[in-house]
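Taking it in order: structure first as structure tokens, then the write-up.
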Amino acid sequence: MHTSDALLDVRDVSVRYGHVAAVNKVSLQVGPGEVVSLLGANGAGKSSLFRALSGLVPVAGGEVRLDGRPLPLRRAHEVARAGLVHVPEGRHVIASLSVEENLLVGAGGSRRRRGFDVDQRIEDVYAMFPRLRERRAQPSGLMSGGEQQMLAIARGLMARPHVLLLDEPSMGLAPIVIGEIFEKLRNRKGTIADVAILLSEQSSGLALEISDRAYVLSRGNLVFEGAADEVTVEVTTTAYLGSA
Amino acid sequence: MSALTQQLANGVALGSVFALYALGFSLVLANLRVFNLAHAAVFTWGAIVAWRLVDGFGIPLVLAIPATAVVSGLLNVACYLLLVSHLERRKNKELAGFISTLGGFIVLTEAALLYLDRRAVRLPSDSFPSATWDLGLFRINSIQVLILLVTVVVFLAYRWLLRSTSLGRSIRTAAFDEEVARLMGINARGVSAVVFFISGATAGLGAVLVAMAFTVIDGKLGSAYLITAIAVMVIGGFGSMSGVFVGGILVGVVSTTTTAYISSSYRDVVIFGVLLVFLVARPTGLFRGSDVEERV
Amino acid sequence: MLFLDVFGEYNFLVRDSLILLVLALSVYVLLHAGMFAVPQVGFMALGAYASAILTTRTEVGLAVSLLVAGAVGVAAGAVLSVLLARLNGIYLAISTIAFGEIVRVTMRNLEVAGGGLPLVGIPRTLDDVTLMVVVGLSLVGLVRLARSRYGQAIVAIREDPLSAAHQGVSVRAYRVVLFGLSGLLAALAGGMSVHLTGFVEPGLFNFDLLVDALAAVVLGGMTVVAGPVLGGLIIFGLPEFLHFFAQYRTLVNGFLIVVVIGLAPEGLALLPRALVRRVRSRRAATVHSADAPPAEKVEEGVARALATGGDTALEVRGVAKHFGGIKALDGVDLAVGAEEILGVIGPNGSGKTTLLNVISGVYRPDSGSVAIGGEDVGDRLGRPHRLARTGLARTFQTIRLVQDRSVQENVEIGAYLDRGAEGIVPSILGLPPYLRSRRRVRREVALLLGELGLADLARTEVALLPYGAQRKVEIARALMSHPRVLLLDEPTAGMSPAERDEVFALVREVRQRHVAVVVIEHDVRAMAQTCDRLAVLNFGRLLLVDSPERAINSEAVIDAYIGRSA
């Protein structure tokens, strides 16, 4: 895609820990309304890249633009407010807050914010995830893993992100639950989740089913990019289990 | 019987002050996991500032009280910026923070002693109306009423803040998981500074009330109450607002009844004896600062 | 003998400072082990009053008085540490401050202690020989302690208690002993001080005294004996010599504390070294590959490993572990032979690390059993330092070495359990058994480092080494204990391809030492080349254990990893 169309434009970004490159000059783009998969085995660099994009760790080289403007990297709360929202792996709901309070925090805290009606957004979230409505006043730490993942995603969406970074939503969840979540993502047109998504996953099957395009990382390097249906089993097997 | 109820009444008033002191301390400890020893010195300076305003500039107490709270809050924020904020990424940040704020405590306390020339001062006795009411079972005076009122209002305000406001949610979120808070657009450093401000303002308020009630102000004011505040936090339970409130009242009541019925020299023995029992048997205190309850 | 009178008008100051130095050393004892506890002023009060009461009511001499004070201190320390065993961090610090206050307040109310009034008439029998002997013995004792295996264990505890436990160090036992030692020193300081001044009152043992002692240790440095000495000089000694300063000395002390902890947290005694380290850039130390000729095996260790019953080094049966509602491990059975390399692979969150954590004692399993060398480890489960004694060693996903020590010192701690001949007394006194054991260990370490191609780096500070070399050092440390089973959790995480290859080569070589290896990794290709068998985990269950080719090509595994059919 043309980089000028891209909502999220990552160019030659590297991430280093000490003198080891966890991510080595990776470029990718995410356009409006797209779901783009970022695949790779563990240790391939997916989470490191996400953490660099969202500002939690420093970028060792390269450039990142959101909506054509450079991101205030290294100040994570400003990156989030600029519209790039990272839903971290492992869910990390704020257990001491209720479901609805988690959503409010995601929206920036107050019920009335200039620009949009938070209550309406909360209703939209409950429309998409009815189970969260059932538990709206309960402490979020008591929910099941799947429900917490839904909450984490919903919380990210409350901020009206331009691009959502979804980091391994399937990790640690039972297959049925994973299926449920991906089903909701697949049918996201018209819901609150109808935003550009960069989805990182180890398990490629479901991710590719809902994606338009995909990138594959192996040991910090980009080894494949293309349309989702171009990602064959051979490509992933080679990247994950075979030679680099 | 009326003597006992009198002691109880006095104890509640005294305990309220302990509770206010411990509340500010506990807010920072529970949410930022920093044992801010400089808090004791901020308390001292709160009393000094109030005295300066009233005695030096003739400002009426009713204005001096909020002014003191604001100045104390800002002083505590300065402590955060100079003593704590640069240690946040350290591996042993708890120990480093303790030592750093210890240094701050020493500097500020010495500064207070030097400022007062190692003397004690008092608020002018005509600066507040002093009335006494006889309620049959016990007598209270206007200052005690004020102390109790302020304490209750402050606790309710804390509760409201933490439970119902956006800032409160941000504080609780950052306390639970700082990284995730940042990912959700919360400026964690800003939140920490606000927490320190609130903590300091509470200390300042408590200090003015203490100055009004017991009149003597010297450089060691905050230190004198420090250990008692620690007892309140241990007994009441770290990180729990109800705990701090109940713990404060409890310690206050134990304090006055022991002084009245045994002797003042045994006051400390009893308090610290209770403290020791809690340390051994139930170090987490009466009320757990649970996940569900708001953490002060 | 009052030879310190040579200091003229300062002679009291000098003696007092020496006593306070002993107090500062008692603070150092706990802080240098990473234990955030400050009960020392309370111990000092106990020792002081013990001596005071004893010598005002009986005719005992100085030596007995100090002995009693010391005994009181040791007992108080040991008891306190047991009482507060469950507390850590800030809560431990607060509790110990409160303890100090409790002692002070109690003394103020005890009739026998003067009931709040100063207790006078204590024989001023402290002579300078006794004082110097106590100070000298304390300093020498602590320095020798630092050099012994106990000192190394303490450093390990300070840096990383979990890792120390895996070397066989019982953190709980050390805590009790160190509290006792701290109590001993502080109480001796108390006893000596009353025999110097002739009186005692509760108000002496207040928060200010604690602050002074703490300041001395912080300023000078809390990780070396020289720290409290230097700090004590600054805090207690210097100001008196600079008269105009004296009025502001507390203010300046406080300021120095903030500055030191902020800019030079290791303390002033180590400042020169810290500055040198900052100036020196990281050396990209080249790590030689392991093709040095195989040196003689260390016979004792191998003989022990060979003496295991049967050929199964590790057996895991029906192990289950859940956290909250999540089943991290759901009934895992595994057996690993004595010279086998078993690889464990599986997607993220499949329970691989949890499995290792259960085996090495980080977690207690909810059900199931573990046997090492044919023996069920039973009640050692959940206790890393006890499991270490059965011949188990491991590395973690992150590097857990003592960063500011040399490679040599780090690897030596691996032999902690093997150095039983180095008892505390031989170590402090430098007796032959200690010296012999020390030499033997040093030889073993040198041999091992040579075999692993790390000989050139023996004296290098670990922090300066690249990740790959650090991991090799960790494996060397693990091998020092002649384990039967070695667990490696993602040893090559974060390494360059060249470093990865070296680590895998090392793993293959480890097998020759009659050590069973269980390794978790994500580089499935390298695992296939290195491992004898592969175990595949998913959702806490073992999918299969088979030869690498069969495992990789099985449908189940490809599904699990790639999720082709969800």
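Should a chain be cited, it is by its letter among A, B and C, assigned in written order, with residues numbered from 1 in that chain.
We take it that contacts are C-beta pairs under 8 Å (C-beta built on N, C-alpha and C of every residue); 3 or more make two chains touch, one makes a residue touch a chain.
None of these values were measured; they are calculated from a predicted model.
**Q** Can you name the chain whose C-alpha mean lies closest to the mean of all the C-alpha atoms?
**A** Going by the distance between chain centres and the overall C-alpha centre, it is C.
**Q** Counting C-beta pairs in contact, which two chains come out on top?
**A** Result of the pairwise contact count: B-C comes out on top.
**Q** Just the number, please: Cα centre separation of chain A and chain C in whole Å.
**A** Roughly 41 Å, centre to centre.
**Q** Starting from the mean Cα coordinates of chain B and chain C, work out the distance between those two points in Å.
**A** 37
**Q** Any idea how many Å lie between the Cα centroids of chain A and chain B?
**A** A distance of 43 Å separates the two centres.
**Q** Which bits of chain B are touching chain C when the two form their complex?
**A** Those in contact with chain C are residues 29, 33, 35, 82-83, 86-87, 90, 92, 94-96, 98-100, 102-107, 109-111, 114, 223, 226-227, 230-231, 233-234, 238, 265-266, 268-269, 272-273, 275-276, 279-280, 283.
**Q** Using the touch definition from the top, list the residues of chain A that touch chain B in their complex.
**A** For chain A paired with chain B, touching residues are 54-56, 76-77, 80-81, 85-88, 92, 94-97, 101, 104-106, 108-111, 139, 141, 155, 159.
**Q** Would you tell me which residues of chain C are touching chain A in their complex?
**A** Its residues touching chain A are 282, 284, 325-326, 347-349, 466-467, 490, 493-497, 522-525, 539, 552, 558, 561-566.
**Q** Please output the residues of chain A touching chain C within their complex, sorted ascending.
**A** 17-20, 22, 41-43, 89, 144-145, 168, 170-172, 174-175, 178-179, 182, 202-207, 219, 233, 236-237, 240-244
**Q** Any idea which chain B residues touch chain A in the complex?
**A** Spelled out, the residues of chain B in touch with chain A are 166-167, 169-170, 172-173, 176-177, 179-188, 291-292, 295.
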